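Below is one structure. I have some questions about it.
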Amino acid sequence: MFHGKVIDASKQSISLDEAKKFITSEQCGASLFFIGTVRNHNNNKKVTGITYDSHDAIVEKSFKEIYEEAIHKLTIDHPSVYIEHAKGYLGLGGISIIIAVAAKHRSQVYELSRYIIEEIKKRTPIWKKEHYNDHQSDWLKGNPVHDLSK
Amino acid sequence: MFHGKVIDASKQSISLDEAKKFITSEQCGASLFFIGTVRNHNNNKKVTGITYDSHDAIVEKSFKEIYEEAIHKLTIDHPSVYIEHAKGYLGLGGISIIIAVAAKHRSQVYELSRYIIEEIKKRTPIWKKEHYNDHQSDWLKGNPVHDLSK
Amino acid sequence: MKIKIELFGAARDFSKQDYLELTVPEPTSIKEVRENLMDFIQAKYPENKNYLEIVKRSAFANEHNEIVQDHYQLSANSKLCIIPPVGGG
Amino acid sequence: MKIKIELFGAARDFSKQDYLELTVPEPTSIKEVRENLMDFIQAKYPENKNYLEIVKRSAFANEHNEIVQDHYQLSANSKLCIIPPVGGG
């Protein structure tokens, strides 16, 4: 079971309960929910919020690819995965991402969840612009998807 | 921040939302919620439910000790931990345990959460009696807390 | 002297009550309690090797909720808990 | 011929609109688009080394949402997206 989606923060918010409902199964003994939230400090600056930019179509495609890779590479019984990432403006504490996974055993949910978040960070086209208390803002440096400058 | 408690399943249920409220902080960028649930098969038997037995006082003491050990051994910024374990009877899908942790960075929540669940399995005095569809039931084999037979 | 052992987990099957009372020499240690308990089990459930195994692999906790070792000394009216191999989660 | 490049992330600062239009020789490749875009940036923002760096480190995606490599050939009215270094989560 798989669900992967970009959520427009101005219209909707990411819900832990929805994720739980989606992944719940009587075949699974373990569930793991990773949540990323906007925190109030980064690189010694006071953060007031983050604007997330997204290439929605490629983001949703990459979620699916990462899920399929993960269940191919790892040994997971009855995997169930729910991924959502926000786009638009989020204030402090706002939920930017949820990765909810269920599987038969606990070691499987830890491996699966970690694999997914690390791959998303590496290659899913989402960008963060941090807003600071001095009214400045900055696009954060990221990881080149394909380093074509080589 | 720490909360650790045994929950009487006949009176209360473990709540993901309560855990989220407790650990939420604007200093933290990552939260991780591990949930254990009763699944419908174990060792090729059809399971209908599990009765959890607990030495409440030692369980709660061990949760605190494990938390303190973890934040001493691992490097965690702004750790927040919420642990609850059910006792009594749970049907299929019932939540037996929640370990919710928040910290500054994602690697920290994965390490912290995993450390806690593995230690609980090793040494927290909780026992499971599985009930099967043939009306039989069995106490599951566990880990000796101190192997004094050596 | 008498001591009381509160039962947990698989050890609950040792009695219909949630504790056992054993009569042990004074003074006594956890090691002797374990031996005494094994004699009791062997007398009451001569067929049940599994129960003996549980006692062998169990720890004991005192009134202060501390796991106590073999050499730990007990006084009259001591209360213990038997802590069979654990497995929560 | 003209091609359209949709802007994302830090590359949004290249224009007040959410895309750029470049005139490129026909046929052309991603490699040439990148060079062309760098010339454009250098002309429009001569002081801004950071913008050039972003273009160097960016990938490009085609209309089919595929990341395309340097040798990928474009036809007239091709649409591309510039994909600067990513960092969600």
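All chains are identified by letter, namely A, B, C and D, in their written order; residue positions are counted from 1 within each chain.
As a convention for this text, a contact is a pair of C-beta atoms (placed from the backbone, for glycine too) under 8 Å apart; a residue touches a chain by one contact, two chains touch by 3 or more.
Since the structure is predicted, the reported quantities are computational estimates derived from the model, not experimental observations.
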Touch-network distance, chain A to chain C, counted in steps: 2
Contact network partition after chain A is left out of the picture: B, C | D
Distance between the centres, which are taken as Cα means, of chain B and chain A, whole angstrom: 25
Centroid distance [mean C-alpha coordinates] between chain D and chain C, Å: 75
Residues within chain A bordering two or more other chains: 36, 106, 117
Sites on chain D at which at least two other chains make contact: 89
Category of the chain touch graph - line, ring, star, complete, other: line
Each pair of chains that touches, named by its two labels: A-B, A-D, B-C
Chain D residues touching chain A - in the complex, by the definition given at the top: 8-10, 12-13, 30, 34, 56-59, 61, 65, 67, 69-70, 81, 83-89
Footprint of chain D on chain A - complex, ascending: 36, 52-55, 57-59, 61, 85, 96-97, 117, 120-128, 139-149
Residues of chain B that touch chain A when the two form their complex: 16-17, 20, 24, 26-41, 92-93, 104, 106, 109-110, 113-114, 117
